[in-house]
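Same chain, two partners: subunit A is paired with subunit B first, then with subunit C.
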Partner chain A sequence: MIKLENVSKSIKGKTVIDGITQTFHGGITYGLKGINGSGKTMLMRLISGLIYPTAGRIEIRGKELGKDLSFPENLGLLIENPAFLDTYTGFDNLWLLASLNNKVGKTEVREALLKTGLNPEDRRKYKKYSLGMKQRLGIAAAIMEKPQILILDEPLNALDAEGVALFDKIIREEKEKGTLIILSCHEEEKLREYSDVILTMENGKIKNREEL
Partner chain B sequence: MRLYRLIRYDIKNGICSRLYLYVPAAILCSVFTIGFYMSLQNRNLENEKLTIINILLYFFEGKEPFSPELGNAFVFPVVWLFIFLYSAFLTLNYPYSNLTGYGVQVITRTKSRKLWWLSKCFWVFLTTFLYFAVWYLVSLVLSLILHIDLSIQYSERICAELLDMKLQSVQAGSVWISLVILPVMTSVAVNLLQLCLGLFFDRIYCFLASAVILFASTYFQTPLLIGNFAMVKRSVMYQENGMDFTQGIIACVALIILSIGAGFWRIRKYDILKKHERGLQQEAEDD
Partner chain C sequence: MAAKCIKNEMRKALFSKASLITYLLSFSLVIYHTVTKAEIYNEFYTAYQTGEVQGNPMITAVSLYCNWLGADVTSFATSAFFFLFPIIAVMPYGWSMAGEIKSGYTKNVISRIPRKVYFFSKYFAAFVSGALAVMIPLLLSFLLMSLVLPALHMENIYPYGVIGERSMWAELYYSNPFLYSMLYVLLDGIFSGLTACISMAFAFFTRSQVSVVLMPFFLMLLLDYIDTNVLPGWELSPVRFLQALPVVNERSGVIDLAFCLAFAVFTLGIILYKERKYEAL
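Entry: the complex of A and B
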């Protein structure tokens, strides 16, 4: 469970998140909706621990982010355009990341790649990947360690129809596992399809909460 | 264990994958060494016994105290400045590239900002040591090839005629401290200060700060400018009232501790944002 209590964030004097109070529960998918600049990415960065609130507090399973925790435990994250090491293959990139935590082995890394439609045996370097392949690798990195919290910022960017179908399947599986998912997506139809709750953001605030 | 894995990651990704950056240093070291060797011929000093210590004195001689009088032009010690500026350049980009793109994946997996910072400090130590190891190793190999003596002695005549340097009392310990320990420690201290400043300012300003410290050190003789401790011509080996070795070691250690400590304090609340998000001008377009 993630609990935001009156969370605000200002950057260089500008308020980007304004007094948000919201609880996120495991097993539920939250879709963030809002125009550009409404604060969706900043909210995801706050929950990921990449930035800390100027006011208010964020609790993750009773532990305060920035005080008891630097980053949430068991977090899967896709927050910027995915970026990996150019001279490594897709598998080697994920394996290097996986070796930082030692939570999963090569089998799980291969599984994650296969789930996104990438070939683990592909020897092409990352720099040779198409935009869609880069996005798939970003999704694979987010899910490979079987996270309990999954944060996905515009995961459908650059994905072709096959990629979207595979992503649909990934979301279904993660939901079945009870993963707490927070995602944003410019395609409203898709956002509604994935989400159990839609949070509409405006000027750094949650303007509306809609349960589907 | 996590720190060990992070350090292993930094060695693989921040050192092994960037070994090509040490090539210009090796080439320049060769050019400077061979140039110095050739200049013996031009000065009819072929019969003088050139030693590796003479070569290292040439690298780290720095600049004698400068008195700005009419007709006395300031000449920058190019070799000395290159050595230290390249070291600062070498440690400039990697740590902060680890806070965007792929780095976001790394830091969120470390689970601890403090460990991340510690691993980057350790990386700066390793990178600087390796960089200086390249300088010493290349000059050692060239010394072997050019039949330059490897003893701890040095030719006073070569020092006087080529480096305009007459050293005071020189003991083996002083040579080690002034030609190995203090240059490496000074460079580590400057690079760590630069790393720490990167948590407050843009990287380019941090490099400029390093450059200002080093350039100012060549101009002003003062213990407040740490570069002074890494110049033989500012040391007690060269001047009676020169920079004290112990004072130099203490200053370097103090700056290292201060930089690591300030970084620890800053990283706790540091916002990991893309560059344009810091300004927020383009946030609206990308959010």
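Entry: the complex of A and C
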């Protein structure tokens, strides 16, 4: 469970998140909706521990982010554009990250790549990847450690029809596992398809909550 | 977790194209220096054997200890190496923090391990890669030159290769010049490692990788300007005080120590601050 209590964030004097209080429960998929600059990505960054709130507190399973926790444990993350090391292959990039905390082995890394339609044996460097392949690798990185919290910002960016179908399957599997998913997507139809709850954001605030 | 992160960072630092280019550049200088010195020594030795050298041959002028890359104050290669050392130190990995912040790669790491582990692993890798990038060419030069030149003990009765008695490690220079030379390789390595760390720390304040690579270079140029025009005689310029033989002034070693301490405090201070405050925007 993730609990936000009156969370605000200002960057260079501008308020980007304004007093959000919201609880996210495990096993539910939350879709974030809103125009560009409404605060969707910033909210995801705050929950991921990538940035710290200016005011308020974020609790993850009773532990305060930034105080008791430096980052949420069991988190899978894809925020904005995927970013990996240009001179490494897709597999090597994921393995380098997976080896940091030793939660999974090479088999799980291979499985994650296959789930997104990438070939683990592909020796091409990341810099040679197309935009769609980069996005798939970003999704694979997010799911490879079997996270309990999955945060996906515009996961359908640059994906072709096959990529979207594979992503649909991934989301179904994650929901079945009881993963807490928070995602944003510009395609409202898709957002509704994936989500159990839609949170509409405006000017850094959650303006509306809709249960589907 | 920390050991794994350090291992990953070291792998990224040592097996990169940037490292390869840096070593090719510095090895070229080493080879050029060795070949040039071998030719000069060959001419001298031939003239010495045939009796063309008149008067005192001042034989220690051709000693290994005042002619290897780290101590040869008269050669182009030494001047170029120490002029370029901030870039040589930074190029293998000092810039990587800037690259990873700019690309957004840091998000992948700080969502898996604490910032403290990531930043200190990167600091360690930047330090080691910077130190090795300067120490390995210097050691290679010492080895290659030792194949060419005689390792004659230095004497202070000749005008070549002399250091004043108040200079740092002066006694060692005359009694154990090998150890003296190796201590300078170590000093240069520590200083270069810290120079790479300056670049890493600077990465938190700019998104330009070019600025991050060039910043220590311009800092050294500034210090050289101050040394030459504002405070002459202080040996403030690393371009000079990293060379094993002082050109003009005696050198106490206090400046070397002060710079190393200042660089270490400055860079570690920034890392400690950023470990608590860094945000992946």
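Here, the second predicted complex is superposed on the first by the 212 of 212 C-alpha atoms of A that agree within 3 Å, B and C clash if a C-alpha of one lies under 4 Å from a C-alpha of the other, contacts with A are read in each partner's own complex, and residues count from 1 in each chain.
One rule holds in what follows: a contact is a pair of C-beta atoms (placed from the backbone, for glycine too) under 8 Å apart; a residue touches a chain by one contact, two chains touch by 3 or more.
Keep in mind that this is a model prediction, so the values were computed, not measured.
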{"item": "Clash-or-fit label for the pair subunit B, subunit C on subunit A", "value": "clash"}
{"item": "Partner chain(s) touched by A:F71 [first = subunit B, second = subunit C, both, neither]", "value": "both"}
{"item": "If touched residues of subunit A are counted for subunit B and for subunit C, the larger one", "value": "B"}
{"item": "Which of subunit B and subunit C A:V16 touches, first, second, both or neither", "value": "first"}
{"item": "Subunit B and subunit C contact sites that coincide on subunit A, given as residue numbers", "value": "11, 45, 48-52, 70-71, 75, 77, 79-81, 83-85, 87, 96-97, 99-102, 141"}
{"item": "Complex contacts: residues of subunit B adjacent to subunit A", "value": "1-2, 5-6, 8-9, 12-13, 17, 100-102, 104-114, 268-269, 271-274, 277-280, 283-287"}
{"item": "Subunit A-touching residues of subunit C, taken from the complex the two chains share", "value": "1, 4-5, 8, 12, 16-17, 103-105, 107-116, 279-281"}
{"item": "Footprint of subunit B on subunit A - complex, ascending", "value": "11-12, 14, 16, 36-42, 45, 48-52, 66, 69-71, 73, 75, 77, 79-85, 87, 93, 96-97, 99-102, 141"}
{"item": "Subunit A residues within the subunit C interface of the complex", "value": "11, 45, 48-52, 70-72, 75, 77, 79-81, 83-85, 87, 96-97, 99-102, 141"}
